[in-house]
Amino acid sequence: MTSNPLLDATGVAKNYGAVAALRNASLSVLPGEVHALMGANGAGKSTLVKILTGAIPANAGRILIRGEARDIRSPAAARRAGLLPVYQEPSLIPDLDVLSNLRLTSTPVEPFRAWVRELGIPDLDIRDTARDIPLAVLRVLDLARALAVEPDVLLLDEMTAALPANLAEKVLEVVRRQGDSGRAVIFISHRFVEISALCDRATVLRDGETVGVVDIVPGVEEKIVELMLGTRIVKTHVAARSAAQKAVPAPARPRLSVHNLRVGTKLNDVSFDLADGEVAGVVALEGQGQDELFAALAGSIRPSGGTIEVDGQPAKFSHPIDAIRAGLAYVPGDRAEALAMQRSVRENIALPFSAALRNWGPIAMRQERAKVVSAIERLQIDTRAQGEVQRLSGGNQQKVTIARWVAADTRTLLCFDPTRGIDVGTKQEIYKLLREVAGHGKSVLFYTSELEEVQRVCDRVIVIFGGRVVDIFPVEEADEPALMRAAYGLPRGAKADIGILADPHCSSPESASSSASTSPGATP
Amino acid sequence: AGKYTIGISNTVQGNGWREEMVCAMKAQALASGEVAKLNIAHRNTDAAGQLEDIRNLISAKVDAIVVNPADPAGIKAGLEEATKAGIVVVAVDQAVTEPSAYIISNNQEQYAYLGAKWLFGQMGGKGEVFYMRGAAGASADSDRDKGFKKALAEFPDVKVAQEVFTGWQQDQAKQQILSFLSTGTPINGIWTSGIDNVIVDALVESQAPLVPIVGADNAGFVGQLSSVKGLVGAAVTNPGSIGGAGVTLALQILDGKKPAQQTVLVEPQLWENATDEGKAKLKAAADPSLSPEWPVSISIPDWTTYTKDQIVACKGPGE
Amino acid sequence: MSTTAIQPVPFGRRVKRFMADRPLIPLIILLIILVVILQILRPGIVNERWIANTIKFAIPLAILAGCQTMTMLTGGIDLSIGTVATMSAFIMATQVVNQDPAVAFLLAMMPAVLIGLVNGIGVGVFRVHPLIMTLGTSLIGTGCLQVYQRTVIASGARIPDFLAWLGTGLTYGVPNALLLFVPLAALIVFTLSRTGFGRLLYAVGDNERATRLSGVQYWQVITALYVISSVLAGITGLLYIGLIKAPSLSLAEPLVLPSVAAAVIGGTSIFGGRGGYTGTIIGALILTVLTTLLTILQMPEGARRILFGLIVLFVTAAYLRIVEER
Amino acid sequence: MSHFLRRQGWVAGLFVLFVVLFIITRLIQPAYGSGDFGSLVRAVLPYAFAVAAQTVVVIAGGIDLSVAAMMALTSVTAASMMSGASEEYALFVVPFVLAMGFVLGAINGMLIVITRVPDIVVTLATLFVLQGAALLVLDAPGGAAADWLKALISGTVPIPGLPDGIDAWLPKALLLLIVCLCIIWIPLRRSRLGLSIYAIGSSELAAFRSGVPVARTRIIAYALSGLFAAFGGLALTMSTGIGAPIPGPYLLASVAAVVLGGVALGGGKGGLLGPIVAVFVLRLVRTDLTLLAIDPNLTAIIEGAIMVAVVMFGAFITMRSRQS
């Protein structure tokens, strides 16, 4: 690959007031290349994508497209220059139907439809309003819309983060073929598996600066992590929990006990127990009813059948306050859902203290402060920008959502994918915290979309498929292939090839592309 | 019971004069014995709103419409449609331009001329006057403006310090005078278009000098002219009971007795408190039993037949 | 992340950042500038009496703007306060003729509580847009008031002495209305910054879903809020009738839009989650002084309104520039 | 079909409501006829344009508090220009006033875009400015309207071949309303620009990222609002024959009818038909109350109650459907 770069950006800088989101970023992408853009949270990846595609202006920097200097001032200009992004957040207009969305962007309909089918969604009605379409599908539509105009450079910002494995797999196949056909793809992901399966090279950002460009070869992960984290702790493996830690004496009755729980058509008949001092994992593909399960336990929606027992007492929740009173607190994966972004760290942590009507009066400021400070310390939240939570980094924001319930001394945490889009270092801290909470006799229900987390954190894992519990594993057996199979509803012990994610170790580009060729779907 | 349905349209609500007018209409309709039902559209609105009200009254097939117009030109089309539909149209208090309509009203130009002339005389023929007009666009207001300007022309040394439209609303007038006083601009006299007692209150409360004031024969102001120390002023009559006269006129026409002229004017009088003769008149006219914003002339000889109790009770046929 | 602390920050930037961190300062400066202009235009006008008068007129506006501030913090708005204030004023003035003042007071506050309750339930339970909800109740309220007015025409109206004393009176040159306002303002400021309820107002306006997950019951907060707003408006009505002394059907209506303007000028975000009452009070003072200024200019009414509009726009835009630049 | 029903269900419901009210009207006043319907349409006219003006900006995710003031200004401008002028001069006045509305509306939009002050505050400020300008043009109601303009909304449209009985139910005012709204709205809805207006109302960020020129679209939305408001101002002058500088009740009415018409206040949803039908419903309610000789102030109560009840009902329905 010695051809001229398709896209060549150097010295890109972007300041938000006093904060430098990008200081000196560079990125060079060759034709036919799938190029990973990597970096810890807040390193500036999304910012760079936004600058390259005209969504925000840069403060400095030079961008060459096919060797020509281009000034891209708007997404429309980027599109004309052949740069098409799929941003971290869905970009379809919520109140327009899919067809109107296509018209708005002058996207040809037939190629779009072909790509949608290719990406594994056979039955899309393009008269459906975007608002009514599930998030994962929306992401795919976003991608299909970009693909339909045959961009020279496709920029995918954490495209696979919110996708279930089956859709993610299709996306990866399609992306790889883009590269094969001489176009370029800039691919952002925190998942090394995907990077190594897909990418040719990676540019690593740290604190807004490009700190290295590496070829993806087996074993390069260590090097990338080193670049990403700089002097920070390099890849701390959570030590396998000792037998002593695991030996939770089985209590007389479970902390939480769910029987035959049903929610609409999404969740049918789920039963399991959660004990004090236990972290129970929940694993499921996208849309298998896990959202509804957590929402029901959190009191956000009312189950249509079955029972929830807390400490042996039947419980009925009609509002999160009821669940909270029963000692169940919900930590959503999307921190924007949990935080009042313009308020301070302190107010966010103390929010549950004021919730009940009887606590609407004057606040005992000193007491509150003590509780908040101790929670901040336990979670090691970086409070340099504590005046407004929106100024915290993503990982620290995530910690605040948990700190709130640590400060409230909640007995049971319902964590829904709390490490979504968080860097390696912060993840480790969150794992540690959850174990610690369990160590204090509290219990945690932990849904994760990253299967490798299960063995790091959980004591047990509950697998849900099609709205039912299909298996409950002891953690020792819960390696990724086993979990993956179970998540697809396959019986334990069966061996079937379910795609490249099944075995990350043999996913070199060659073997991956061969598996792609066996998959159904025609190239548009 | 009577045989006619009469529609009423009025566009200033919450003004004592207009309330008396409506009560007079009701009382007269009741006293006449000829009216089965009144259909009263009484609210705060403008010409466009009144047009809608009049058209709705036409749809309601009333026999006559007695209207106090918001704007003569603005409702002309509606009045014309009413006449075409065979409805008798009587305008009270103010003139209209629709030729088919009958008018019964105080002589508004004369009303303003009388008061202004007296006021400028009191001011010694010179100085600054605060000119507090009525509702912009109403013909009573523009007619009064003519009278005011006529008097002004006779006193070349009198200047208008500021001109405001009170909309014939007490609270607005009060806020206007208060904010004017707060600017500290000196004045020598105040002419009001009948929103008077609140102006006296404002001067007293803000301890501003009591300059001569002209108002109407509203009960409150008439009382103030005799009771407030140092207040020099005059009340010009403008009977709200003209509404009752309007009903009488409409009934006469419905009964086939058309008046000789389309327009009937009532001539105003001036009662001042600068002379003993005037003071006596004021004393005789005063009626503390009335609401301060009601004109003391609660009836018009030859035109109204109700009793004081009837107008105060403010009940129409069927109520 | 890094700060640009290496090279010396230019003076202009420093001033800007200083003001951005203390958003009250530019407001106070603006107020002072307006007063100075006034004094230059009409030397000697700025005296004790003028100040007392200005404060007297700013207070009703400031309280209503307080209603606006609190509702705006939750991302709402209360357009029914004008009607509510007018109703309580009108009912007080007409009922006190035949009733004991205490009874009249209770009667006068009844519609306030009722409208607040309906607003709160509409917004909090049925999730009706606050603009629509409060417009609707204000239409209903105005209609009721007008119908009510028809029934009390004969009985007349009276302004209770106490209200007149509170509204217009001065004690040693200080407006008596401050007796009501100072504690009220202190209470609002305290509520917003130091009580659970105040915290919830900000939080709900910032991210309602997040408060729900923290156990906050939205409808409770919103209902309480709109009732409080309405009661404050009712009290303002009583104070205002003591000041104007002429009950009418639209008494406080002209204060509604300026109350929104005062809160916005004072730095409260109309989208919720940001702002405070101190700024609002200064906003109300600014608007009041501005009105006097425009009256003095002796220009036609039309020109005054044009200037008023332009200044409101300019002040808000400039203020946003200053505060957002950080 | 189901798409159509889901989207137009609200409008269809409103239309049924209107028909029911109409039948009630005939029951109250059996002689209610085509002439009375003509009166209704003439009363509707300024409200309809006001609500059209509001609808465009609400769909674009904004709000325009200056609608009524804009109507007042355009109305007094038209009336004072036509006062004492020849009939033909009005041929120039009409496009002039419409252009004025368009430009002033565009200025509203530009101020919002440039100052980044929330639209509700900007249009509040321009409300005062436009009101002031109207007072400078005419300090009291006055002016005149050309006779041919007034004739445009009185009487019916004689359509050859149609029996008089039906013809009588086609007031000119209705035709004028339909023509003026349709020549702007229908091409707009079908165009990219129309889509863009819905898009910025639905999600500004997503629209921007889809390549929609957000600022320009917003300015155009406000310009169209100004244009519709100018139509409203002209309608006022045409029906009263004068111009009045103090704005009428059209701001509140426009917001109420927008909401009743099924246009979400957040933007991105709804159409023009719903709000227009809503205006007809509200005006007919007032007529019915007058026919019943009910105090017109009760109308305010009923209008408010309808507004609140309908909106609560709508909110209730969406809550229910979200739960299931």
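Note that the chains take the letters A, B, C and D in the order they are written out, and that residue 1 is the start of every chain.
Convention: a contact is a pair of C-beta atoms (placed from the backbone, for glycine too) under 8 Å apart; a residue touches a chain by one contact, two chains touch by 3 or more.
Remember, predicted model here, so these are calculated numbers, not experimental data.
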Joint neighbours of subunit C and subunit A, given as chain labels: D
Between B-D and B-C, the pair joined by more C-beta contacts: B-D
Whole-Å gap between the CA centroids of subunit B and subunit D: 35
Whole-Å separation of chain centres (CA-atom averages), subunit A against subunit B: 75
Cα-centroid distance, subunit C relative to subunit D, in whole angstrom: 31
Sequence positions of subunit B contacting 2 or more other chains: 13, 42-43
Sequence positions of subunit A contacting 2 or more other chains: none
Contacts with two or more other chains, residues of subunit D listed in rising order: 139, 245, 295, 297, 300
All pairs of touching chains, each written as two labels joined by a dash: A-C, A-D, B-C, B-D, C-D
Contact footprint of subunit A on subunit C as seen in their complex: 1-4, 190, 194-197, 199-200, 202-203, 206-207, 209-217, 220, 224, 273-274, 325-326
Residues of subunit B touching subunit D in the complex: 13, 37-43, 45-49, 51-53, 55-61, 71, 73-77, 81, 85, 136-137, 141-142, 165
Touch list for subunit C against partner subunit D, complex: 77, 118, 122, 126-129, 131-133, 135-144, 146-147, 150, 257, 260-261, 264, 269-271, 300-310, 312-313, 316-317, 320
Sites on subunit D touched by subunit B in the complex: 29, 31-32, 35-36, 39, 42-43, 46, 139-142, 144, 150, 154, 236, 239-242, 244-246, 248-249, 283, 286-287, 290-291, 293, 295-297, 300
Residues on subunit A engaged by subunit D in the complex (per definition of touch): 55, 74-76, 79, 85, 87, 89-97, 100-101, 103-105, 127, 264, 301-302
